[in-house]
Every structure is written in structure tokens, then in C-alpha cells.
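Please read the structure below before turning to the comments.
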Amino acid sequence: MRRLGGVGLLLLLLALPWMINPYAISTVTRILVIGLLAISVNLLTGVTGLPTLGQSAYFGIGAYTGAIVSTTLTAVGPAQMLLAALAAGVAAAVTGPVAMRARGVSFLMITLAIGEIAYVAARRLDITHGTDGYAGIPPVVPLPGLPALRLDGLVYYYVLGGFLLVFGLVMLLLRSPFGLALRGLRDNESRLRAVGYPTSTFGVAIYCIAGAIAGVAGSLWTSTQQFVAPGDMGFSVAALALLAVVIGGLGSMWGSVVGAGLVVLTQDYIGGYLAGYGMLLLGVLFVLVVYLLPRGIAGLPLPRRVSA
Amino acid sequence: MLDWFDANLVTMVDGVAYGLLLFTLAVGLSLIFGMMDVLNLAHGTLYLIGAYAAYALSDGSWTGLLIALLVGVLAGVAGGGVLAALTQPLAQRGHLDQALLTLGIAFIASDIFSKIFGSEVLPISVPSQVAGSITVFGQVYPVYRLLFIAIAGGLAVMVYLLFERSSLGALVRATVADRDMVRASGVDTRIVMFGVFAFGAALAALGGVLGAPILAPGPSVDETVLVLSLVVVVVGGLGSVTGALLGALLIGQVQTLGVALMPVYAPFLIFGAMLLVLAWRPQGLMSLVARA
Amino acid sequence: MTPALELEGVSQHFGSLRALDGVSFSVAPGSRHAVIGPNGAGKSTLFALIAGARAATAGRVLVDGHDVTELPEHRRVQAGVVRTFQHSSLFLKCTALENVVLAAQRKAGLSWSMFRPLSRRTDLIEAAHELLERVDLLDRRAEDAGSLSHGERRQLEMAVALACRPRLLLLDEPAAGLSPRETGRLGQVVRELPHDVTVMLVEHDLDLVFDLADTVTVLHLGQHLVTGTPSEVRASDEVQTAYLGAGDSSDLFLEGAP
């Protein structure tokens, strides 16, 4: 039954550009990108039990890497994605051990600091063009030899491709022995140590993987927007990603994407109608979700059983 | 050596001022978490309450400043009460939910503040007697900063004595270390916890009123204050007043002296400082609570 | 013959509090070695130290002749030191099967595998099934550990520990809170363990202790009092004196300790 639903959804996603207008398609593209960022947060927070407000840092590193690569090396998308994943992964490898010195709230605080520091760095460094933002990004080339993508619908397909690839890999990860170890870390870290796991090492490993995923999301963002600014990696981005995960239900990957959709749409449409009240609305959304959806959408009693 | 000190003295004193400001903000956060296990991400909002009160009421006279202090602190306590009440139902639900809730409240408050006060960083008027600069040991220095150091320093000493040397402080420390044991000995720990929450909020708001001339109110200032407070708390260790003081002074110096000496690396200095401290002592400079 | 475990002057101080003070004794390979003593004697601390969950303030811990004092907890598991916990410590949101598999997959060297689904590792799952069968939990394997009864959780603790292929198994009050029937079952599982596994047991249920153990160590106030066969310990004057402070010693070896 779930298989059928999944296939149906895939077909819908593939047919989408023929069904809705270019503005709507670019919104869906953004939802996919933020969804990927939310998935990276979910891997840490929902699956491994490490709450984070710092994934925006690696998202930003990926975005700026994509920008720099596109203007200096190559406009080929997959190359940008790969280098973005690498840069973000390395940054995560450097910062991960610091964060893994702590757990719970302290861990959250450290990730917040990391995100904030990355944001300040983006504003101050020359290589990111500071507060002006990084412009002049050429349209992405999906594969070497193919023409650059200029239509919103085609960019959507490129992003969808990247999204599905990462989503698939994450699903494999979750069903693997490593995935089970992550859930063990979440449930009872000291017991995990007592059955022979070097828990901090596993923590750093998933931290790097999540960082790399955020980096890929970042490069996809750059390809969509063709512009990167420090605000794209600020604190509110991290907070929104976390909100998306909580809305969707901790541990549920499809929930995170749905949550991302809700967050993006809220910001865009409703925030547009109630201009200037974006922050207020988001705050209200946070409060409502915490009180009304203790286990997110995935935790709601639905006809079929849902799991990560 | 002496020349270097001479050249950088003003900055270092600036660092002490900044550090003491961070202390008034961070100590509340540290105690609130250490005590109630509540992660309060609306802490920066409490600072803004005080800072905006200073903007609105401090008109350059001493009376104005005092009124601002009174109103600011009371508003801060009220804000703290609201936060405590709203997080109470989530007591069993874990830190993530509290984080999101208080974050949501911070967003709402931030929006409201912008509507009322606009989105510019606002200048604060201080009483004319302390508005200028004086020359101390050959260096020109703003009088208000020195006054602030004196007041905040006195506050720090008072908080330290209250916390470490009084029986009330002993009760608070015991509750942080082992809440169940204290409850078992007949003390209503909820009163203690609410009291600490109110105290922490009052201090943050107080820091806002007094510190506004140094760190003026505006949008995203609450975010800055929150992050710096969190770094101080992580570096100092949760639930410890001495730790908060040491951490605050360290971060204060990093933020001022570090930035003055190595402006290119400015954003990374705090991270580096945090990293070094954690590498040396994972529980923070002075950890009272032995949490995993 | 090299002792399975050798403790040399092991101490654990918390400031002025001495949880353990200069404890030395050895455990013969293949033996069933119980550690008893009044509350506060330091028994659980001892196990935590042997397993590496806490670092000793002084002294050495040798397993199979190798000094493991500096080894962190997860490395000692590799060396074969596995413990169960006094208060069941399980992965509550994972199924009983997953709890056992977590331990087994580590032992099998598969824990870093990220791409092949766990469900395809049939030999691993079979081995986990076999262990669950041994503790009578096979039909509960799909239940979350959090929804198991107390007795079932104790059994799961045992299965998880056995999945780590222990050479030195530390059982910390395994019978706590169990009914007589469940305790009997537990005793049987322990008796069925192969003789290349050395078993150490901390227990208050002295019936179980004298039923299973071939050697008994008595701790008192963090210090080693005596180590010997059950009858030697029962007859020892020192032990009588130590327990005397807690009540009538003649009852002590009939019911659980005070």
C-alpha cells in the first residue's frame, strides 16, 4: 500500500511542471531544498537524538561553495554538489568533535554558536562578498555537455533529481546497521557504550554526514536562486529547519519534507498577505506546534502506520 | 610589554565592561537551566525589554534612569513569569520542545518590538554627568563605561555572595544539584525554581537597562545577546555563578581585545575560545552539575 | 593459570568518600564468582570499575592477564568484559529484537555498514532469534523494549549481554524484582552458560548466590573482607561480625540481606 503511495507521489512530482505555473514550481523547488536541509536536521535530532540549531552553517558553506565553484571552476551542477558536500563535510568534521563534547542542551547551544559564527563569517569575509551577497551565478548545467538550465521547470527537475538521490541514500542509511546504532545512541547512549560502541565517534560520523547533506542542499539552493546572501544561512534558517522537523515528526523523513513545505508556504503566501508580520506568524506557528502537535504530523493517528 | 598594555588598555577595560554585561545576562540563563532544566531561548528578549525601557524612559536625567530601571526590571520579571508559566506544561517533554516554544515567543516579541520601536538601532541618553569622557592614566575613557563596570562589578559580587555564601544560595545550589533530595526534605522546590527564574529574568532586564548605552536595542540584538549568553554558559558551565563570571569575562575580552587585535579572525575567535575551553574541560570552566 | 580477572588495590574515592578502598582479589577462569555485602559495601561501584564505566582512583584491573585499567568502556567490551545493569538499561524505543541485534552487530563488526539493509543480514538475525529463544522472549521480539514487563526486561538485559559474546560476564543484581519462577529461570540460564565464560554476580538474594556460586567475595564498607567457597564464607567470623552490625546474623544467610 505504501509502495503504491510512494510511486504515485513520484509520478505526481514528475508531472508537476505541467500542472502548475512557473512561480509555483519555483516554490516547490525551494520546498525540496529546504526539505533536504530539514532531513539533515532530522538525522541528527530525530534519529540520533542530538538537537541542533547549527545546520544552517553547513547549508551556507555548501551554498557559497557552489557559488564560488560555479563562477571560478565549472557550471556543472553535480560537480558543485560534490564539492559543496565535501566542503560542508570537512567543516562538520572540524566542528563536530567540539560539539560532541556535549550532549542535550549544551550540544544545542554549541551548534547555535557554530551557526551564528558561520553567519558572521559570511558577512565579513571577502570570499563570500560579505553583506552584498554573491551574485552573478550562471545557470546550472545538469551534466557536462548539456545546455544550461534556464527554465524554472528544468531547474526543478535538476533539484528533484538531487533530492531523490540524497533521500534514497538516507533511507538506505536508516535501514542499515549504522542506522540502528544511531537510534541506539538516541535511546540510551551509556548502554550503547556498554555493548561496545565508541559513541562519540559515531556521533561525529553522523554529524559529518548530516553536514554534507546540508551542504548539498546549499548548493541546490545556489543553483535555484542564482544568488547567495548571509541571510540564507542565518539563525532563522536553522530555526525554521528545526521547526519543519518537529512539525513533521522527529525521525520521519517524509514528515520533515512536509514540514518544510508548510514552513515555506507559511512564510511566502500568508506572510505575504499579512506583510511584515512574518516573524510574528512564525513565532505563533512554533508555539502552536509545540502545544498541539507533540509528535508532529507523523505522530497523528492515521489509517496506515508511518515510520522513518 | 608595558607598551602593549598601554596601547590596549582601553580595549581591555572595554572587555571588562562587556564581560560584566555578559555576566548579568548569562548568569540568569545558567541558573534557569541548571535549576529548572528549562532552556530559555527568549533570554535575549528579556534584555531587550530592559534596553527598550531605557530608551523610552531614560531621558538624560537620573530620575529618568531610575524609573527606567524600575520599570525595566518589573517588566523583565513579568516576562520571566510568563515564560515560566508557558514552559511549565512542557516540563516532561524535553528540551527541544522548550527550545522551540521559547524561540517562538522570542520571535513574537521581536516582531512586536519592531512594530513599536521601529527597526533601527536606537541611541540611549544617559544622565549628562556621565555622558562624557575622562582621562585616566593618560587614556581617554567614556565615563559611563567606568560607571557601568563599578555597578555591574558590585552586582556580580552581590550575586556571588548571595549564591555562594548565603543559606538561600545554598538552598538554590542544592536544588540545582539534587532537586529530589531537596524536595524530600520538605522544601517546595517550585517556589525556589520560580524564584530563580524571576531573579534571572530580572538580572537580564537590569542588564538591558544599564547596558543599553553599550549594546543598544534593535532588531537581532536579542539574537546576539542570546548567542553570547549561551556561549558564556557553555564555557562557564551550567548552573554555576562563578563559572558564568569567569566565562563572561573571558568572552568579553575575546569580543573586544581579540577583535581589536585580529579583526580578520573576529567571527572565529569566540568559536576558538569555546573550542579551547571545551577541549580542556568538557563540562565548562566550573561545572556544578554533573550532567551527561 | 591466569585468573580471568585480577584486581590489585583498586580504590574509588569521591573526595573524602571512599566507595572502594584497596580492594584486591582474583577470579578464576570459568568460575561462578559472587560478590556480596551489605548495602553501601561498594558492589555496584566495583562492577562499574571493572567494566570501565568509571575510572579507578587507584589500583589496577587485569583481565586475562592484560592490564585494562586505562581502557575505556567500549574497548573492554571488545576484551570480553560485559555487564548487565542493576536497573534495566535498554533501548526503549527499539524492539526486543533490535536491542539484541545492536549488541550482536557490533560484535560481528557490522556496525559501520551504511548501505545494506539490516533485514538482509539473515545470519545476524538468526543468531539474535536464538538468544531471545534462550531467555524465552522470542514471541515478544517485535515489541518495543519500553512496553515489556519488568521481568521481561531483565531477561532482555541478559540476552543483550550474551549477544556481546562475553568472556567475563558481570551480572549486577539480575534477580532484582523477579518472581520466584523468574528467578528460577534466570538461574537456569546462568547454569547453562558455557564454561569458557566466567560469571561474576552481585546479588542480595543469597539463596541464588549459594545456589549458583562456587566462590564468594564479601565486601564491607568498600573494603575486601574475605574470598572463599560458600561454606568458608558462611562460617567466617569476620563476615559474621560485619553483618552483625545490621541485625541477627543467623537469619542473614537464609533470606535476602538487610
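Chains here go by letter, A, B and C, matching the order in which they are written, and residues are numbered from 1 within each.
Everything below uses one rule, namely that a residue touches a chain if its C-beta (ideal position, glycine included) is under 8 Å from a C-beta of that chain, and two chains touch if they have at least 3 such contacts.
On a predicted model such as this, the values are computed, not experimentally measured, just so you know.
J.: Measuring from CA centroids, which chain ends up nearest the centre of the complete protein set?
T.: A
J.: Measuring between Cα centroids, which chain is at the maximum distance from chain C?
T.: B
J.: In whole angstrom, how far does the Cα centroid of chain A sit from the Cα centroid of chain B?
T.: 32
J.: When the centre of a chain is set as the mean of its C-alpha atoms, what distance in Å lies between chain A and chain C?
T.: Each chain's C-alpha centroid was found; their separation is 44 Å.
J.: As a quick test, compute the distance in whole Å between the mean CA positions of chain B and chain C.
T.: 47
J.: Identify all positions of chain A at which a residue touches two or more other chains, and write them in rising order.
T.: Counting only residues that touch two or more other chains, chain A contributes 190.
J.: For a test of understanding, state which residues of chain B touch chain A in their complex under the given definition.
T.: 33, 39, 89-90, 93, 95-97, 99-101, 103-112, 114, 223, 226-227, 230-231, 233-234, 238, 266-268, 270-271, 274-275, 278-279, 282, 291-292
J.: Of all residues in chain C, which touch chain A in the complex?
T.: Touching chain A from chain C are residues 51, 53, 72-74, 77-78, 82-83, 85, 89-94, 98, 101-103, 105-107, 110-119, 121, 160, 163-164.
J.: In their complex, what parts of chain A are in touch with chain B?
T.: Those residues of chain A that touch chain B are 45, 51, 53, 95, 98, 101-106, 108-110, 112-114, 116-118, 120-121, 124, 189-190, 235, 239, 242-243, 246, 250, 277-280, 282-287, 289-291, 294.
J.: Touching residues of chain A toward chain C in the complex: what are they?
T.: Of all residues in chain A, those touching chain C are 172-173, 175-181, 183-184, 186-188, 190-199, 202.
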